[in-house]
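Consider the two complexes below, in which chain A is the common component and chain B and chain C are the respective partners.
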Partner chain A sequence: MSGKILTLAIMDGPYESTCSTTAFRIIDAALRKGHSVKVFAYEGAVSLTMKAQKEHPNPAHGTSAEDEHHVLTKRWVEGLYELAKKHHVDLDWVNCGLCVDERGAGDWVVGPTRGGPADFLTMVENSTNTLVIPSKRNS
Partner chain B sequence: MAKILSIVETAYRATLEEQDDTIVWLNTMFKKLNADISLLFRSNAVNYVIQGQNASGLSIGGMVQQNPPQIGRDIADLLAMGVPIYVVEADLRERGIKREEMMPGVQTMGVEEFYHRLADFDHIWHW
Partner chain C sequence: MSRYLLIESRDPFDSRDCDWLYETAKGLSKVGNEVTVFFVQNGVLPSRKGSRYENYLHQLSLYNVKLLADSLSLSERAISDRHLVAEVSISNMDQLVDLLMDDQLKPIWH
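Coming up: the complex of A and B.
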């Protein structure tokens, strides 16, 4: 397969903005089309892979955790690694180490690795193109 | 070497907790890793080039922020490292920021020029 390589820098944590979902959809679509993806998770985005995420019941609807089948971003990341394997392409997910330390987010699912700005530059150098999906806040 | 333009739009996000502007910090690291970086501040981030900023004095629950961000110092460091720093003229004007308030070495750019200059870069990252 002669796929391309896409690098994404992402910054938002789980559920805080639509940016994370957009990033996940881009990664999913790229992998399905046979392209490899490199992800640099910066700041809050390092929480996307945290192992401690868990489902909860929804008292407003009277539903159990099982009923809710809550979306956990760690499961999406695990799923994307499976998807990459299925399509014989690579997914490299690097969590910014300093961001991880500040947030106590160091216990994550299998797949991602710890890195820093130098890893992002290497990703960029070895990619067809790079997309930054930053946090956008009113300032 | 690829030429990179980092456009910073969001100002003061996380600066007190992180003790840096996280994107200015990241680009400083890129420069230290020999990347060919230029920075463009737009929208509220044009405030970053004003001289005499002081973010000290925060205290929450008796915990004093002892190492507040020094955005002015960080911009001066980037300029000293040879990083071209631009600000969008219209955004300065809209906020009543005068040229004499800006740090020396920062370049202003009109919107039309800005569009033309984009073609000079291999990567444009809009943070």
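Coming up: the complex of A and C.
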């Protein structure tokens, strides 16, 4: 482990923006390099960890859920926790509590914890660097 | 002097404010800062040879702005090495993380 910590703030919900995928890729690369990662999931991003996500068939293509082989964001988060364990580094994923309550998104996979913007400040103060990935707004 | 990492995820043909990022990169470099622009997602589209932004990227390189493009984003959009503007280097998440782990670097996502 490097002793370095990267904090990310993410805001996009699952299946809405490529930014979520890029955020997962950044976290994955950081963990593999032996860095600890802190994630502050804000707004729609709190739904990334929802336990109720499930695969589904695609009637338009006539494919089953198995054929579709969906990537569920909750599985990705679970995989990142396993990766952190494998590399002996920490993944600290905090879901914004108010954002969770607004969305009824409180039932999530093992790992993430509930917090608030004050936790994000603490994360920033205790990290090597911080990247904020805001929701995309066209202009 | 400061070090800046500007991460461009947007397509300038879709988001007019990409010009803001290019101008910011140029301006920061002009006053002596070290600037890297990392293109990811649709942000890689202007780095295709023949794009109307080709000359723009050339101008940025003249201001010593380092230009990197995410390999996965490029391949998803069928932009191979030979289709890439000369000033843009192929990069990846490993290099992005290496840049981010510099505690003096200021990263800005667009």
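Things to note:
In the analysis below, the second predicted complex is superposed on the first by the 137 of 139 C-alpha atoms of A that agree within 3 Å, B and C clash if a C-alpha of one lies under 4 Å from a C-alpha of the other, contacts with A are read in each partner's own complex, and residues count from 1 in each chain.
Operating definition for what follows: contacts are C-beta pairs under 8 Å (C-beta built on N, C-alpha and C of every residue); 3 or more make two chains touch, one makes a residue touch a chain.
Everything numeric in this text was worked out from a predicted model, so none of it was measured.
Superposition note: with chain A as the common reference, chain B and chain C can be accommodated side by side. Once the two complexes are overlaid on the shared chain, A:114 sits clear of chain B and of chain C alike. Of the two partner chains, chain C is the only one that A:4 touches; chain B does not reach it. Within the superposed three-chain model, A:43 lies in touch with chain B and out of touch with chain C [touch as defined at top]. Rounded to the nearest 10, the angle made at the CA centre of chain A by the CA centres of chain B and chain C in the overlaid structures is 60 degrees.
Considering which of chain B and chain C touches more of chain A, the answer is C. In the superposition on chain A, A:70 makes contact with neither chain B nor chain C. Once chain A of one complex is fitted onto chain A of the other, the partner contacts of A:19 are limited to chain C, with no touch recorded for chain B. Of the two partner chains, chain B is the only one that A:125 touches; chain C does not reach it. Residue contacts after overlaying the shared chain place A:136 against chain B and chain C alike. Look at A:103: by the touch rule set out above, it reaches neither chain B nor chain C.
Superposition on chain A places chain B within reach of chain C only down to 5 Å, the least C-alpha distance between them. With the contact threshold set out at the top, residues 130, 132, 134, 136, 139 of chain A are in contact with chain B in one structure and with chain C in the other.
By the touch criterion stated above, chain C contacts chain A in their complex at residues 7, 9-10, 14-17, 40-42, 72, 92-94, 96-98, 100-103, 105, 107, 109. Those residues of chain A that touch chain C in the complex are listed here as 2, 4, 6, 18-19, 22, 25-26, 28-30, 33, 35, 128-134, 136, 138-139. Contacts from chain A toward chain B in the complex involve residues 9, 42-43, 102, 116-118, 120-121, 124-125, 130, 132, 134-137, 139. Those residues of chain B that touch chain A in the complex are listed here as 2, 9-14, 18, 22-23, 26, 29-30, 33, 35, 43-45, 123, 125-127.
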